[in-house]
Amino acid sequence: MSANQVALAYLVASVFFILALKGLSSPETARRGNLLGMIGMALALVTTISIIAAGGLVLIFVAMLAGGTIGAIVARRVQMTQMPETVAAMHSLVGMAAVLIAVAAVNNPAAFGVPDPMPAGNRLELFIGTFVGAITFSGSVIAFGKLAGLGRHFRLFSSAPVVFKGQHWLNLVLALVMIGFGVAFFLAPDKGWTPFWTMTAIAFVLGVLIIIPIGGADMPVVISMLNSYSGWAAAGIGFSLNNSMLIIAGSLVGSSGAILSYIMCKAMNRSFISVILGGFGAAEGAAAAGAGQKTVRSGSADDAAFIMSNAESVIIVPGYGLAVARAQHAVKEMAQKLAAKGVSVRYAIHPVAGRMPGHMNVLLAEAEVPYDQVFEMEDINGEFGTADVALVLGANDVVNPLAHEKGSPIYGMPILEVAKARTVMVNKRSMASGYAGLDNPLFYMDKTMMVFGDAKKVVEEIVKALD
Amino acid sequence: MSANQVALAYLVASVFFILALKGLSSPETARRGNLLGMIGMALALVTTISIIAAGGLVLIFVAMLAGGTIGAIVARRVQMTQMPETVAAMHSLVGMAAVLIAVAAVNNPAAFGVPDPMPAGNRLELFIGTFVGAITFSGSVIAFGKLAGLGRHFRLFSSAPVVFKGQHWLNLVLALVMIGFGVAFFLAPDKGWTPFWTMTAIAFVLGVLIIIPIGGADMPVVISMLNSYSGWAAAGIGFSLNNSMLIIAGSLVGSSGAILSYIMCKAMNRSFISVILGGFGAAEGAAAAGAGQKTVRSGSADDAAFIMSNAESVIIVPGYGLAVARAQHAVKEMAQKLAAKGVSVRYAIHPVAGRMPGHMNVLLAEAEVPYDQVFEMEDINGEFGTADVALVLGANDVVNPLAHEKGSPIYGMPILEVAKARTVMVNKRSMASGYAGLDNPLFYMDKTMMVFGDAKKVVEEIVKALD
Amino acid sequence: MTGTVDPTVINLVVFVLAVFVGYHVIWNVTPALHTPLMSLTNAISSVIIVGAILAAGVAALDLGSAIGVFAVALASINVAGGFLVTQRMLEMFKKKSKAGKE
Amino acid sequence: MTGTVDPTVINLVVFVLAVFVGYHVIWNVTPALHTPLMSLTNAISSVIIVGAILAAGVAALDLGSAIGVFAVALASINVAGGFLVTQRMLEMFKKKSKAGKE
């Protein structure tokens, strides 16, 4: 193929990637979108393979087969609740690939159609692609470790923030030193291996240092951020290889991660900077102490079943606890039983319920909850006033009325207005606080009944009681 | 400036243009958007002027001053109701400029940094830019003439469709011949003046022939289409001059015109093809004949004033007639009077009321009608059921219930559901039909009262009666 | 892979992306501002004046540069007229939203 | 005007436009699909495999091509894993909307 034909094929692949993401604008078109993404990727692969020297082909096919098989197995086996760590692990691969490609490009620019020795402009871009890739790699590994709960084995993976004095200063100094070596690489008369490797090593260390102070609970924002980074790394490599497909695909991914981080921070009413500076997760669970004096009314699963079967309308509010307990199928069964008794059942989804964006939607989708019973926050918040029962399952922060009180750490965060329902029932295992580490006044209201226990167990008991 | 600096400045200007259009996403940011557009244009101008040879500078400044002065005067003088023809006239200038630039480029490619003789690739693009520009020019001139009512002076400008047998075949043949000469230009060993001029001349003729069969009433769609063309012409010139700013700005304009045409056709429930093939406006006003048997209740302005002053809520539906009568200020006064009497007044805007997209919004804005009283169709259609009075001022098609009836030419077009109001009052001058040339069953309903007369006169009488 | 990538292909990449941008940006325009949109895009399309200036700006006066000067004049009408008319229209919307807040 | 436009500047044009496209396309994604969005973008970012193949595909085997082969293997995990996991998730949403229609 001529260079023009290759560029055109890459352009078509880029358009497929854009259309793939456009497909996600609605569940109906989403699968077609994913398919378009696959087609785009296949086109990119076939085009690239067609232009390389035949010598390396066998090895490449073996590598693709090996990697592809592993990927397919992971994709088949992974649980939906493990998505955050899976995504983190995958980002690390993109980051590492970016670094490796950069090494290969420094070694032999000609393979990429870049003059040897590499011109300064390409070096600058390569430098950016490399360090972003390196940070993406090591940062994602740490994020993966924290999410997979590997903290028991290795302190760096501790889900509690790992903080020490002068941490941010150290990071700043390291970043400057890294940039210094980057400049040295940029100016080097030869290939510049020494500054290149030094810079890359520092970037790997930086990736670790940036992520360890961030608590496990803040990981979703971090993952999106790393997602964004992996995109920018790809774009950076695209710049140095003059490959517009890499630039376009990288920018799409980069924007996506950045926007998701923004949405999450917004919905948690925290600044992105405060998340990145870390140390937040430390207080988790501690704030529940002052709760002793206030009284709480608690009831059994049977009580809950009785009240709900006499209600006209029930709104279920799922939260992180539901995901932890994997109670989604039980909930679906319960809803069906209630519907059979003539109770109208709806689900209210807070945008940051759970631990990743859209977490609850995936969970309910997995349980095959009918589409038309699931409502986004804006659409259902007006309905709580007319609901007989609001059943909160393992949610806490997203229904915490403190969000309306000036001075509270979550002041201004939009919440689901469950307190407006005639009766509020809350299922969780204890009086412990949620992600934000705050006590929840909702639990102490007169119309609130706590149903303690693991979400799955409790819901299954309710189902039994409904028979 | 180096070529790189110029390209960067152009990129910044392109970003300004994108941000300018983004500004129009809400009235609050719109003026800032327009300002950004001006800054982008200024940047583009300054950059370009800085790179040309000093020799031509004086003439260029004189030309800019002359053109700018004319433009400023026109902008100051033009009435809001003359916007359609003004926009048409301006498109014609862009089209003509594109053709002139193409001529200059063929004459001296070096001035644009293109090799002389021009390579085949650039010729192809220039060919496209030229014929699109030529069609834009002559088409816009015809559209302008039709809208400005110049049909009295010159038959080609007749607002009735100018149709003759074999018209579409003639157009097709001419288009093919034009493309043939384009190919000849593409292949010419020399500059290729002969095929170039022939092609351009045919394109001018084609522009006229394409537009004359389209009725005056369909002009808004045509204007948007020509808007779109002028953008594609700019993009085509950008291709041949390797100027990405022209490509980007041209694409923005091209998309805009195409989308507006689409929106209009959709809201009128007609296909774009049927508009372009023309002959529609001919039937205008003819269909009102069969209305004789049915009875109509008519009332005076005083009656209308009395009914409205006793109402709790009135929804005003403005239409094309309001614009023709320039009654917007009187309407505002009437609304204020009613509000003083405790009547709630709102305005319901149909997306294609009037003769250009957003026509009614501009009109009401001109009269300084408060923002929060103006509602789009989707937001207010549910409210007619609870309104005491729906006052239709010079609107017809947009409230025609025939849209609900299968088989009617406007079947499927969304309408304002005025028939749901307790009382319907309709002001127009006669029983004549509107744009679509259809009778309107709304006028014959028991709860409908017609108030005949010019909209401005009638509303002013109502104002007087309200005192 | 043989040869280098033609400018035309790169232009095509820019063009395709620009059309995507245009598509999204225009659909985000509020319907109430569709008339100003027409005049603003009209103003933006007059950026073609850049080509006219290049044509006019050659050192020696000849047919080409004369045509260029004429094109500059035509496009200038559009530059000034387009933005100013848009501004005039948008000023009205400003008053309107203020009045609403009173 | 002196010299020609660097590829870097052209890359920048493409980049800026692509960011605009990304911005709009991503904001149009429905919140319910934000988790699939993460895995789909993850899959798309593995297009970096193109660079890995170029590195691996030189005629002579050396350090560079060995590194390239390794990068191909890593990125392939992502290519396959990313799209398949997305598909698995989206299959669930399909069942869901069907169930709603019953």
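Order of writing sets the labels: A, B, C and D. Residues in every chain begin at 1.
As a convention for this text, a contact is a pair of C-beta atoms (placed from the backbone, for glycine too) under 8 Å apart; a residue touches a chain by one contact, two chains touch by 3 or more.
These figures come from a predicted structure and were not determined experimentally.
**Student:** Measuring between Cα centroids, what's the chain most distant from chain C?
**Tutor:** When every chain centre is compared against chain C, the largest gap points to A.
**Student:** Of the chain pairs A-D and A-C, which one is connected by the greater count of C-beta contacts?
**Tutor:** When A-C is set beside A-D, the one with more contacts is A-D.
**Student:** Taking each chain's centre as the mean position of its Cα atoms, how many Å separate chain A from chain B?
**Tutor:** A distance of 45 Å separates the two centres.
**Student:** Let me have the rounded angstrom distance from the C-alpha centre of chain B over to the C-alpha centre of chain C, please.
**Tutor:** Roughly 16 Å separates the two chain centres.
**Student:** Distance from the CA centroid of chain A to that of chain C, rounded to the nearest Å?
**Tutor:** Centre separation, chain A to chain C: 40 Å.
**Student:** Hunt down the residues of chain C that sit against at least two other chains at once, touch-wise.
**Tutor:** 6, 10, 13-14, 17-18, 20-21, 25, 28
**Student:** Note the residues in chain A that touch 2 or more other chains, in rising order.
**Tutor:** Where chain A meets two or more other chains at a single residue, that happens at 18, 244, 248.
**Student:** Go through the chains and record each pair that touches.
**Tutor:** Inter-chain contacts occur between A-C, A-D, B-C, B-D, C-D.
**Student:** Spell out the part of chain C that touches chain B in their complex, as residue ranges.
**Tutor:** Residues 6-8, 11, 14-15, 18-19, 21-23, 25-65, 67-97, 99-100, 102.
**Student:** Any idea which chain A residues touch chain C in the complex?
**Tutor:** By the definition above, chain A touches chain C via 1-4, 6-8, 11, 14-15, 18, 51, 113, 244, 248.
**Student:** In their shared complex, at which residues does chain D touch chain B?
**Tutor:** 1-6, 9-10, 12-13, 16-17, 20
**Student:** What part of chain A is in contact with chain D in the complex they form?
**Tutor:** Answer in residue numbers: 13, 17-18, 20-22, 24-28, 30-31, 33-34, 37-38, 40-41, 44-45, 48-49, 52-57, 59-60, 63-72, 74-76, 78, 80, 83, 86-87, 90-91, 93-94, 96-98, 100-101, 103-105, 107-108, 111-112, 121, 125, 223-224, 227, 230-231, 233-235, 237-239, 241-257, 259-260, 263, 349, 351, 356-359, 361-362, 364-366, 368-374, 376.
**Student:** Taking the complex as given, what residues does chain C use to touch chain D?
**Tutor:** 10, 13-14, 17-18, 20-21, 24-25, 28
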